[in-house]
């Protein structure tokens, strides 16, 4: 069970990092935030830990609604499982806000960092895939890989879809790593936004 | 402050009702649930109380992330303020899941109850309105009134929009009233779904 | 149910006041804090609302563990019910830290306010009373009344007992009133303590 | 940081175990419960993780008030640090209810398990030690060792003291181990209590 303890404890530290951040609130989307961290060789949502109840805002401060738990996420868990088929080291991910302006900012940010930045164009998703449970996620991740020409991008977005809020996703090797990166992004974005 | 106490306390009871419901979990949308209750003559979000951090799922059970607080909601608060311009008695509202099938079920349910059921077609929303803060909500509520021919419907939905999750909204005279109705809907829906 | 809403909502506001206070943390006892507010003519714990799970410290900040709920307290609920037999207006109470030094400070504070200050000497409690469920609280409240010569004191303490943490109790007409008073006491105490 | 992740994650699993237990509520003391798990060679409270805000009861169910955090406990942290001077493997501990009857039950239970059971008699604590910050805990742990004749007991209690609630303490090698043991004790105790 030591692998599970490492993952759950890493998520605890990631939540502390996000809750203590001053600017991360600026990245809150309507669907709220989740952060996932998968066991090696994860193949189903029960192999992936996430924050139960997601991460929300209480008194305008970032707050986890529940504890980390294996099986607490469905969408983000299936995303990371499909990502790991292409890059087994990228076992953690976080989702946050997408807006056209934030997207342009992140594109430049990724370039400075030497990261790939990609997007999944939900308009291109074939209807017959979208509506079959379990078909959508493999299609999305293939789109990402096609976009970059073979590599998994550290940062990407899902553009607005029909009835779907657009979101940015950041990937990494641990929950703490993606939390630290997400906080750094929020700090740079706060700085950029106030300087306009 | 007695008006404020009544509203906050009524929201406490509404949350207890939702948390104790067995089937209400079935109505959880991606954006999570909120329930609002406005002061008489409410004109701004600070006059409307809502659940801070929204109502989410922890361990697959309904759970409020924070306490009721005036000013805790923006979207649902502006909705109820605009509704109250047409019917000042409808000071409370709750949002929950929308799917095509649930929508058909709710249409029949509303009919049995003698309620109006309406929908806001987000496809019809003019782009110039959608993008201006504060313009969208009055347009939406006018659409509702046009739909029914003058009366505020107790139950309505916002259909899927571009980048927007579709949602059902139920209105009532108090937070407890809408919570009890929402739980009844979830019970009927659970029964209907299992019987298919 | 409007009486219940007023009480639950007033407790919500009281919790917001305590959570926003900077110095109230200094008054946290080992048993944690509770605040109760009773219905008129309350005769059993189910007629008294309190904070479910009590008020504790998270990240060194005051935080309510759960929502206000009727029946959530036993000890403080029975205390207020017995107090109300002597003064039916004193329907709210809060417990907090007791130390010999804080006690001397509160005695002076009460004098300035024109309040009675009393203490229940647990050493004097007859063993045959202490051990019978439901006998102890009436004895304690009689002790208070004897101490002051007939009036219920706004502020009093239960001195250390055998296996019992000593506590200070503040009474008032509403939960918000006792929360505001408790915060004022913590501010004065912080000021006094730092100035020594 | 992997050592810290293991400890925090193990505490997460321990909390899930306690929260899912049916009978553990029966062991709730007034001061609420905490569970600690120390880094190897822990020498100060910041080296020991505990549940922030302690573990309390909400809606009569066991509920952690906050997340695990290093430095979240003082009393239990200092206890485990002193225990580890005698047995460095016993890095985890939990406190719970003490009553004379539970104590007699636990003495028999420990015997069946082949565990040592001891108690710290707070009446014997010299006043000059009790009142000096940091002196009390080493004295207590020495008392335990004297009681057993050299070994650290897995289960012990602190008897009622002047102004101090009596408590039972269970030690183990990990937070999950002590949580599982504590749940087993609560199940046996529930069984024993109902069978009387």
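For reference, chains read A, B, C and D in written order, and residue numbers begin at 1 within each chain.
We take it that a residue touches a chain if its C-beta (ideal position, glycine included) is under 8 Å from a C-beta of that chain, and two chains touch if they have at least 3 such contacts.
Source: prediction; values computed, not measured.
Under the touch definition stated at the top, subunit A and subunit B share no contacting partner at all. Taking the mean of C-alpha positions as each chain's centre, the chain lying farthest from the centre of subunit D is B.
Between subunit B and subunit C the centroid-to-centroid distance comes to 38 Å (mean Cα coordinates, whole Å).
Chain geometry summary: the mean Cα position of subunit B and that of subunit D are 46 Å apart. Within subunit B, contacts with two or more other chains are made by residues 69.
Taken together, the touching pairs link the chains into one ring where each has two partners. Residues of subunit C that touch subunit D in their complex: 30-32, 52-54, 56-59, 63, 65-66, 69, 160-166.
Subunit C makes touch with subunit B in their complex at residues 1-2, 4-13, 15-16, 64, 67-69, 176.
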